[in-house]
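Please find the structures below.
In the two complexes below, subunit A is the common chain; its partner is subunit B in one and subunit C in the other.
Up next is the complex of A and B:
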C-alpha cells in the first residue's frame, strides 16, 4: 500500500486494550480516505443504536491519502461518527499538524470506543501506544493543556485536545489541534469528553512516506505548490485571511445580519473585514503544515475592554458569527470571543448562531428572563455575551447555560412558540455564515443535501456560484448567476461529488480551487496509486455521498429532513437579494431526479446503489 | 473586436470613465484608499491599449499606455472583456478562473473597490453616451 499505511489504531477505553487493525485495500480506492473511509468503517463496524455520548459510540479520526505530503492544502484530516448535536452521521475536518504526524507514526486513523474510568490521554509514539492518566489536565483550557502536553512529551509532538466545554458535554464542543486548528462542527469534543479522553498526543520518530510514483509526484508537487502559492485567491487569503472579501460579501447579501433578519449592513465592510483585522490586530500569519497560503491569523488586542495576548485570531466564520450575526461591529470583541471559544473548546459557528437566535427570541418575548436567569440578551451587547453567556454555556450553568449548551434546535424545541422557525439550520446543524439568499441559491440546495446538516465546506458550492470553479474535463462549464435556480441542481451534483472527494482526500478547499481535474487524478495515481481516470474519481465521490445518505436513513432521516428553516428561505428583507424567492422545492426535486434518489425515503434507488458498487448496502435499506 | 472599432476607442472610454470617477467623492476616496498604481492592460487587443490609475499617497493621476513605473497591480484582459467588465456584465471571479482576466500583484486593494463596481458601471454608461457611443451600452 502506498501513502496510506492500511493501519488504524483501535482503542477500547473501557478496558484500555489497544489493537492495530488492517483495512482492506479496496476500501481506500472505493472511499478515498478521510470522511469517506470513516463512513465505510462505521457502516461495517459502528453501532447505529448507540447514543452519541454513550460508551458504545464510535469516534473515528481518519487521514486522507495525502496527509503528510509536503503540499499546500494536504494536511487536513477528519473526525467522524454520530453527532451529539444532530443525532445522525457527521464528520468534521481540521487542518494543522495532527494528520501528518499520525501518518508518519504509521497510521491512517484512530477508532475510539468505550469510556475511560478516569480522565485520560492517548499517547501514540510510533508503535508504542498507551493510555495515560489525564487527571491533571481535566478542567483546564486547551491553550494550557496543549502547552503542558508539549512540555511533557516534547516540542515535536502533536496534539488534539478538548476543553471544559467538551468535558461538560456541550453539544457543539469542538476538538482543537495545537490550540489553533479546529475540528469545529457537530460536537465531537463532547464525544471525546463523554469518553473521558482529554487529549491525543502523537509523536513520530521519522517523517517518511512511500508513494506510488515518487518521481512523477515530485514534479507535480512542485508545479502545484507554485500554482497554489501564486494564485490570486491565495495572495488575498495570505494577506487578509478568510475574511478578506467580507466586504464584497456584505454588498451581495451573503453576510448574515442579526440572526439572518437582514442581508445588508454597510458598516460591516469596514468594521469587520479582513483588511481591518490586519490593520488593527494582526501580529503575524500562521499556516497549516507545509502550506504556502498561510491564511491563519495571529492577533493581539492591546487596549480597550477586550485585551488579549498574542494568539490565534478569528476566521471569517467567527467574525460574522460573533459580529454582524449578533448585531455587533466590535472586532476586538470578536477576537476575545474567539479566544474564549478556542480555549474552552466550542464551535464558534454553532455557539454564535445559538446565541444570535436567543437574542431574537428574547427580543420577541419567546425567551423570557425566567429562561435566562434574569439576563437580558440584546443585539450587540457583547459584554453580556463574553462575560456571562459564554461562561454559562461552557459550564451548563443555570437555565440559560443548560438551554443554550444543547444548541439552537433543542433550545427552540424546549421554549416552543414559533421559535423553531427562526432557527437557521438544516438537519439540526446551525448554518454557517453564508446566507444562500445573497450568496447563491445553489447553496440553499447543498446546505439541505449535506449529510451532516447545513454546511459550506461539505462541497464547494460557495465557490461554484462565485465563479471560481471551472472543470471542462468533467462537463462543468456552467456560468451561474448566484441569485437564480438556473442550472443549480446540475451544478450541485458535480459540486457534491467533488466535495465528497475533497473531504475524503482531506484537502483544503482554499488550495483545492487551484487544482484541476487532471491534476487531482494524477495526485491520486502518483501518491496512493489508485490508478483512476476522472470518471473513477467522480464515481468515488458519488459513492461516498450515497453511503452517507444510507447512514442517515438508518438514523431515521428521510427526504423530509433535506430542508432549510423558514427563516433561511423567506425572501430577504433588504440588500441586493431583497424580495427574491428561492425556488428551493424545484431545485430539490430536480436534484433528486439527477441523483436518482427516492423522493420520500431520501436515499438512492436500488439500481443507483448497485451501479455505484453499493449492492450489499442496498440490501440493508431496500 | 466586437465592441470597438479600434483600440483607441477603448482607451478613450476607460480613461474618460476614470476621470469621471474622480469627480465622485465616494469613489475617489475609495480609490485613494487602495493606494496603488493600477494598470489595466488591454494590449492583447492592440499596442498601447492600456490605461493606468495612480492612487498612491493621496494622488489621483490617470494615464494611457504602459506607465514608466512598475504597477502594484496589473489586470490584463481584452478590450472587449474590459467593456463587459466596466459594464458590470462580466463576473470578475469567473473571468479570472477562466483566464480571461490575468492578475499580477496584490489585489487586496481592489477588493475594497469591488463593491463599488455597480456605481462605476453607471458612470461608464454615461461616458459612453457622452462620447456618442450609446449603441455600445450593454443591456
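Up next is the complex of A and C:
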C-alpha cells in the first residue's frame, strides 16, 4: 500500500487491550481517508445503538493519504463517531501537528471503544503502544497538560488533549492539538471524557513513507507549495488571519449580529477585523505542519480587563461568535474568551451561539432569572460571559451551567416558549458565523445537507458563492449571485462531492482553493497511486456523501431533518440582504432530484446506491 | 461628476478614502479597474448604502464603498 499504512490502532479502554488492525486497500480507494474512511469503518464495525457517551461508543481518529508529505494544507486529520451534541453521525477536522506524527509512527488511525477504569493517557511510540495513568492530568486545563506531557515524553511528541469541559461531558467539548489546533465541532471532547481518556501522545522515531510515484509527487508538491504560498488569498490570510476581511463580510450581510437578528453593524468593520487584531494584539504568526500560509494567530493582551499572556489567538469564527453575535465590539474580550475556551476545551462556535441564543431568550423573557441563577444575560456584557457564564458551563454549575452545557437545542427544548425558533442550527449543530441570507443562499442548502449539521467546511460552498472557485474540468463554471437560488442546487452537488474529497483527504480549505481538479487527481495518482480520472475522484466524493446519509438514516434522521430554523430563513431585517426571501424549499427539492434522493426518507435511491458501489449498504436500508 | 470612494476591509490596501472627479457614466467595474484592484477579490459595490450591480453607472455625488466578498474562516 502506498502513502497510507493500512494500519489502525484499535484500543479497548475497558480491558486495556491494544491491537493493530489492517484495513483493506479497497476501503482507502473507495473512501479516501479521514472522515470518509472513518464513516466506512463505523458503518461496518460501530454500534449504532450505543449512546455517544457510553463505553460502547466508538471514537475514530483518521488521517488522510497526504499526512506528513510536506504539502501546505495537507496534514489535517479527522475525528468521527456519534456526536453527543446532535445524537447522530459527525466528524470534526483539525490542523496542527498530530496527523503527520501518527503517520510517521506507522498508523492511519486510532479507534477507541470502552471506558478506562481511571483517567488515562494513550501513549504511542512507534510499535510500542500503552495506556498509562493520567490521574495527575485530570481536572487540569489543556495548556498545562500539553506542557506537562511534552516535558514528560519529550519536546518532539505530539498530543491531543481534552480539558475540564470534556471531563464534565459538556456536549460541545472539543479536543485540542498542542493547545492551539482544534477538533472543534460536535462534542468529541466529551466522548473522550466519557472514556476517561485525557490525552493521546504520539512520538515517531522516523519519517519514512512509500509513495506510488515519488518523483512526480515531488515535482507536484513543489509546484503546489509555491502556488499556495504566492496566492493572493494566502497572503491576505497570512498577514491578517482568517478575519482579514471581516469588514467585507459585514457589508455584504455575511456576518451575523445578535443571534442572527441583524445583518449589518458597521462598527464591527474596524473593531473586530483581522487588521485590528494584528495592530493591537498580534505577537507572531503560526502555522500547521508544513503549511506556507501560516494563518494562525499568536496574541497577547497587555492591558485592560482582559489581559492574557502570549498564546493562541482567535480566528474568524471565534471573533464573530464572541463578538458581534453577542452584541460586543470588544476584541480583547474575544481574545480572553478564546483562551478560556481553548484551555477548558470548548467549541467556540457552539458555546458562542448557545450563549447568544440565551441572551435573546433572556431579553424576550423566555429565559428567566430562575433559569439563570439570578444572572442577567445582556447583549454585549462580556464581563458576565467571561467571568460567570463560561465557568458555569465548564463545570455544569447551577441551573444556567447545566442548561447551556447541553447546547442550544436541548436548552430551547427545555425552556420551551417557541425559543427553538430562534436557535440557529441544523440537525442540532449550531451554525457557524456565515449567515446564508447575506453570505449566499446556496449555503443555506449546504448547511442543511451537511451530515453533521450546519457547517461551512463540510464543502466549499462558502467560497463557491463568493466566486472564488471554478472547476471547468468537472462542469462547474457557474457565475453565481450569492443572494439568489439560481444554479445553487447544481453548484451544491459539485461542492458537496468535492467537500467530501477534501475532508476525507484531510486537506485545508484555504490551501485547497489553489488546487485545481487535475492537480487533485494527480495527487491521488502519485501518492496512493489510484490511476484515477476526475470522474473517479468525484464518484468517491458522492459515495462518501451517500454513506453518511445512510448512517444518519440509521440514527433516525430523514428528509425532514434537512432544515434550517425559522430565524435563519426569515428575511433579513437590515443590511444588504434586507427583505430577501431564501427559496429554501425549491433548492432542497431540486438538490434531492439531482442527487436522486428519496424526498421522505432522505436517503439515495436504491439505484443511485447501486451505481455508486453501495449495493450491500443499500440492502440495509431498502 | 464628483464621487466619494471608501475602501473596507482588505481593500484598504489598494486606496484610501477620497473624493474623485471623473467622467460621467463611470461604472463600479471601471472604478475597480482604475484603482487596480485584482479581479480575484470578487468585489461588491455599495452605493449610498445599497449594493448595486458592478456594471451600473455611478452618479454625481454618489458615495461608493468598495468591499471584497472574500471572507472566511
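Note that the second predicted complex is superposed on the first by the 622 of 622 C-alpha atoms of A that agree within 3 Å, B and C clash if a C-alpha of one lies under 4 Å from a C-alpha of the other, contacts with A are read in each partner's own complex, and residues count from 1 in each chain.
Note that in this section a residue touches a chain if its C-beta (ideal position, glycine included) is under 8 Å from a C-beta of that chain, and two chains touch if they have at least 3 such contacts.
No experiment lies behind these values; they were computed from the predicted model shown.
Placing subunit B and subunit C on a common subunit A by superposition gives a clash between them. By the touch criterion defined above, A:62 reaches neither subunit B nor subunit C. When the two complexes are overlaid on their common chain A, residue A:390 makes contact with neither subunit B nor subunit C. A simple residue count on subunit A separates subunit B from subunit C, and the partner touching more is C. When the shared chain is aligned, subunit B and subunit C each come close enough to touch A:232. In the superposition on chain A, A:510 makes contact with subunit C only, not with subunit B.
In the superposed model, A:315 makes contact with subunit C only, not with subunit B.
When both complexes are overlaid on chain A, the residue A:254 reaches subunit C alone and has no touch with subunit B. Legend: residue contacts after superposition of the two complexes on their common chain; A:467 is shown touching both subunit B and subunit C.
In the superposition on chain A, A:479 makes contact with subunit B only, not with subunit C.
Shared-chain residue A:242: touches subunit C; no touch with subunit B. The residues of subunit A shared by its contacts with subunit B and with subunit C are 232, 236, 240, 244-245, 247-248, 250-251, 269, 275, 466-468. Here subunit C touches subunit A in the complex through residues 8-12, 38, 40-42, 44, 46, 50-51, 65, 67-73, going by the rule given at the top. Subunit A meets subunit C in the complex at residues 232-233, 236, 240-252, 254-255, 269, 273, 275, 295, 315-317, 434, 439, 462-463, 466-468, 482, 509-510, 576. Subunit A contributes residues 232, 235-236, 239-240, 244-245, 247-248, 250-251, 269, 275, 466-470, 479 to its touches with subunit B in the complex.
Contact residues on subunit B toward subunit A in their complex (touch as defined above): 91-98, 103, 106-108, 111-112, 114-115.
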